[in-house]
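Each structure below is given as structure tokens.
You will see chain A twice below: alongside chain B first, and alongside chain C after that.
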Partner chain A sequence: MRNLLVRLAGHLVRALVMIWVVATFTFFLIRLMPGDPVAAQYEKLVQQGMSPDAARNATRLTYGFLPTGSGWDQYVHYLWRLLHFDFGRSTQTLGVNASAEVLTGAKWTIGLVLAGILISFALGTVLGVIAAIRRSSGVGDALTITGSLFHAIPQFVMALVLITVFTVIWPVFPTDGNVDILVDPGFNGPYVASLVSHASLPALAYALSMFGSYLLTMRSSVISVLGDDFVLAAELRGLTRTMRLRYIARNALLPLFTIFALTIGFMFGGAVFIEKAFNYPGMGITLINSIGHRDYSTMNATFLLITAAVIVANIVADLLYTAIDPRVRRGGEAVA
Partner chain B sequence: MVTAVEIPTGNTPALTPARRGFWRNLWRVLRRKPTRVAGAVIVALFVVMGVVGPFLYPANLPTDPGNAYAGPSGSHLLGTDFQGTDVLALLVTGSRYVLVAAVIAAACTVVVGTGIGLYAGYRRGGPDSVLMRITDFIITIPGLPLLLVLSTLWKYSNPLTMGLVLGVTGWGSVARAVRSQTLSLRERGFIEAARGLGLSTAHVVRKELLPNVAPYVAMNLLISVTVYIYLEVGLFFLGVLPFNENNWGVMISQAVQNGVTQTGQGLAYLLSPLVAILLLTLGIVLLVDAMDEVFNPRLRED
Partner chain C sequence: MTAATQATTSTAAAAPPAVTIRDLTIVYRTPAGELPAVSGVDLDLPPGTITGLVGESGSGKSTLALSLLGAVQRPGRIAAGSIHVDGLGNLVELSAKSLQEARGGEIGYVFQAAQNSLNPLKTVGKQLLDLGRSHGVRDRTALVRSAKELLAGMGLDAARVLDSYQHELSGGMRQRVGIMFALVLNAHVLVLDEPTTALDMISQANVLKIVRAVHTERGLTTLLVTHDIGVVAEVAERIAVMYGGVVVEQGETADVLRAPKHPYARALINAIPRVSGDLSAARPLPGRPPTLGTIPTRGCVFRERCAVYAERQLPACVAEQPPLAPVADGSGRLVACHAVAVEDQQATGETA
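Right after this comes the complex of A and B.
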């Protein structure tokens, strides 16, 4: 228990350092931008006749940055704002906080990606077990190659092929957006149906591009478990094939939980291509649009949230592994 | 960003097949399955396309606005784009940017990753922990969002800079995997013997350790190429980079922006680069499958 706490503390310190480094990086990135947008905004306001103090406050409200003063002051002020989760205002949607902008996108991304992750996890583990058991036959080979191929196929290729097949050649799904705007929002049949039909293809594209890594990991994990003594013992005890498979699958699933946690952590940044292809208004689209509009506050908020999620997921994955695999726990040191 | 392949550490007899001649072994393994020969042929064709292809066409491809979005025909094998340019010509001339950038990025990844991995794993101690912290950092930062944010500052104007930026952000997992392999190798007898003989560190690292991680590194080189093609074409697809040079990503982005997925007109224009990426990825995956068997005979069943 004490070991666990020490590790948790170590993780937290490292996570905070990492988030600080990333935040510092984006600070310098935005300040190094050609024609420094913060200074430009400030000077524009001053030229329009605003007093320097008023212009300074107005710019600070927009960007969450001080436009003047020493670099150090600006930097400290920026970090102070971040500590209060204040990312400034969005410049593409006037009057909206950057954090609100990001959360709107996050809502759609979470639904889409969770559905995709669950489908791919189920598909990948089942096919992975088959690929491992039949690894010397054509079926196993074909599954392994399919897994590697789907793992390597870019998400946008997957998405565009699905779009071509299911909306152009055989139009059964809507092409873009998250919901039919003509339907009344709320918990009613048509609205839910519209939500589901809009999310089906993107979720499928995500699932198809993800199941390969589950398949490959499950396959190699099952193969290594197959060599364990307890499998032989189970066979000698005359347990049925299904029973043995359950033993094997339970042990082989362990490494997959790590990937599972990491995928969840990467979900905010993981569907950028799919959201773009389907014009699905998630966080990926928020990020791309903020870059297109040079909306640095929103860009900064999105990037920091994506990174923070990945960092947190790394910690969770590590702790989760300790929790579910007693063999790792004993020494207090991660073996994996 | 690059997902490192699983490496069997420990008692892998990695050197044995290499001594019998890598190329002869590769050929033997390739022949065992026709799919692997197909993979090698596909990769070879794309390499030829990238090297020779652009010389076959004029620098400025002819346009014919009256004949936009034509379907495949005798004069235009893959149809035409939104301004009547031959899609096959676009595909062939655009392959060089994609391939050159991906190869530079992969080479960068492998050189930096292997160098850091070997050094950290062999030296251990202080330099090791510092390098591994940096590696963790590189691995943790989500690659694509980082590249997107960097695109506001950096214009990735030619394949060289594109490749370097991709490579610099993607060497983490190779470094970590090479380090862990080095850690297990340095405890083995032959390394101990080499050190006992008083051979220099440079010798041990280059002549003893490197050959043992080389197979793994070679496989990662190929896999990295697919990952970087994915990323660079993706950046163009997302439309955050200026279209100053024709390549597959620009083709896909233009096709989507010109409404091919809405109207279904000019499907050949959209699908050609997609199929090219699919084929190249398939070719590399099949080739990696073959190399896997050359280097890890243990992986074979029984």
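Right after this comes the complex of A and C.
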């Protein structure tokens, strides 16, 4: 238990440092882009006859941050507000907090990403086990080739193919949006059905572009576990087939936790492409729009949220790993 | 060899063997076709004895050991012959279900010490319960109790070991845990595959002492597979020497070690350096052990490295593999060598 707390504390410190680094990088990178909407607004107010002080205050009230001052001042101001979980106000949708803007998108993205992860993980691990056990037959080869192929297809290509097949050639799914605007929102049949049918294709795009790497990793992991001595030992000890399969599966799943955490980052990155392709109003779309409008606050908030998601996923994967692998959990306490 | 072991051997010789292997052939499927790893082996394990099975790497000894549990791994398969185990019948004909129950039930198998024979993610105790569940053991308390007795008998802190993971145990401890797993369901046949390889000398001696002790205590029939003749000399009453998938000599350990008859057994024993005396007196066997693809298919498997063949060039050595036959001295020793058979004939001819 003490061990776990120490581990967790270490994770938190590292997470904070990482968030600070990302916050700093994005702050300056964003401001290196040509075009500065806040400065433009400030200039406009000054030209309209406002005194520089009044214009400054008005802009600050509108956007929530300093329009002028040195880069350093702005940076310190930004960090200070960040410490208070104040992400500033959106410059494209006046009066809306950037965090609210991002969170509205995030809930849709998280839903898609989770669905994509679950489908791809289930599909990838099961097919990976089959590919490993039948590795010397045609079935195994076919699965491996399929896995490599899907692994190699970029997410946006996958999205376009799905759109072509399921909305044009065989129109069974809606093309865009997250829900049919004609149905009553709420927890009712048609609304849920509409949510699911709108989410199906984007989630499938995630799943299809991800399951290949799970399949390939699981396959090689199972093959390597099958060669382990304890598998033969379990057979020679007369353990039932089910019991042996359980031994193999649990040992083979371990390496997958590592790529699991990496995958989550990849999926949030993919949100930009997939949501754009399906016009799904998630974080990816929010990000694209905020870049278009030079909406500094929203961009910053989005990047920070993605960073936080990846960090949290890594921490969770590490803690799960600790729970599942006694060699990590009890490494230091060998029996004398 | 103590007087006590001599006694067990002589009483055991009268009883029917606990394990009878007849004409056993095990082949592996390779790109070059099915190649035999074990060909036409006859081997008896008398009840209550320890038989040492020695041979170089690739001699087929481990494959033979696995076949005693009906667990020859693919791409290998038993092509011919039978393995009768007392109380089980012919293993070759058993159903998968009965085989699974026999493994760990009637026949215990102990892995090489160097191998990790435990699931790294589960404690020894949990794996013990898995074993019980697989074998339909109802009384889990009794199972844990007998495991603890076995472990304590081998000098381990039983409660602590049951609560340990594999990585928390030393090599010698793992080996004792392996023996516990093999015997906890009261197996009466015990197969040990290289039980002392990769252990330090002191653990090695301890493990051998334990093997000896549990063997006597439980009246087991034990097959000990090793490449270390010293180990066999220490614990086994009987020895079988394998070469190229064939048993070439078989007999009482003391007799075989004192006066090996088969040229291979002789070469093997001559290759052991003595503790006292000149190191150069140990003569390595020239050539290299055959692999699956290089075992001669016609004639004697040992011909190419055989000093006797090099000298006498008997035509029979080229024509066929000599059968494992009793030698004329009446010691019950079996040797598969044309030259030995010819000498025996000449000796009996002279006396007649």
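The criterion applied here is as follows: the second predicted complex is superposed on the first by the 296 of 336 C-alpha atoms of A that agree within 3 Å, B and C clash if a C-alpha of one lies under 4 Å from a C-alpha of the other, contacts with A are read in each partner's own complex, and residues count from 1 in each chain.
Criterion: contacts are C-beta pairs under 8 Å (C-beta built on N, C-alpha and C of every residue); 3 or more make two chains touch, one makes a residue touch a chain.
Computed from a prediction, not measured in an experiment: that's the story for all the values here.
A.B. asks: In the superposed arrangement, does A:Asn251 touch chain B (first), chain C (second), both or neither?
C.D. replies: second
A.B. asks: Taking the superposition on A as described, I'd like to know which of chain B and chain C A:Leu232 touches: first, second, both or neither.
C.D. replies: A:Leu232 sits against chain C, while chain B stays out of touch.
A.B. asks: Just to be sure I read the superposition right, which of the two partners does A:Met299 touch: chain B = first, chain C = second, or both, or neither?
C.D. replies: first
A.B. asks: Pick one for A:Lys276: touches chain B only (first), chain C only (second), both, or neither.
C.D. replies: First partner only, chain B.
A.B. asks: Looking at chain A, does chain B or chain C touch a larger number of its residues?
C.D. replies: B
A.B. asks: When the two structures are overlaid on chain A, which partner does A:Thr240 contact: first (chain B), second (chain C), both, or neither?
C.D. replies: second
A.B. asks: Taking the superposition on A as described, I'd like to know which of chain B and chain C A:Val113 touches: first, second, both or neither.
C.D. replies: Neither partner.
A.B. asks: Counting only touches as set out at the top, which of chain B and chain C does A:Leu32 meet: first, second, both, neither?
C.D. replies: After superposing on A, A:Leu32 lies in contact with chain B but is clear of chain C.
A.B. asks: Using the superposition described at the top, list the residues of chain A that contact chain B and also contact chain C.
C.D. replies: After superposing on chain A, no chain A residue contacts both chain B and chain C.
A.B. asks: Touching residues of chain A toward chain B in the complex: what are they?
C.D. replies: 14, 18, 21-22, 26, 29, 32-34, 135-136, 141, 144-145, 148-149, 151-157, 160-161, 163-164, 167-169, 175, 213, 216, 220, 266, 269, 272-273, 276-277, 287-288, 291-292, 294, 299, 302-303, 306-307, 310-311, 314
A.B. asks: Would you tell me which residues of chain B are touching chain A in their complex?
C.D. replies: Those in contact with chain A are residues 3, 6, 33, 35, 136-137, 140-142, 144-146, 148-153, 223, 226-227, 229-230, 233-234, 237-240, 252, 256, 261-262, 264, 267, 270-271, 274, 277-278, 281-282, 284-286, 288-289, 301-302.
A.B. asks: Which residues of chain A touch chain C in the complex?
C.D. replies: Those residues of chain A that touch chain C are 228-230, 232-241, 243, 247, 250-251, 324-327, 330-331, 333-335.
A.B. asks: Would you pull the chain C residues touching chain A in the complex into a rising list?
C.D. replies: Touch list, chain C to chain A: 66, 69, 71, 73, 100-105, 109, 111-112, 115-123, 130-131, 133-135, 160-161, 164-169, 178, 181-182.
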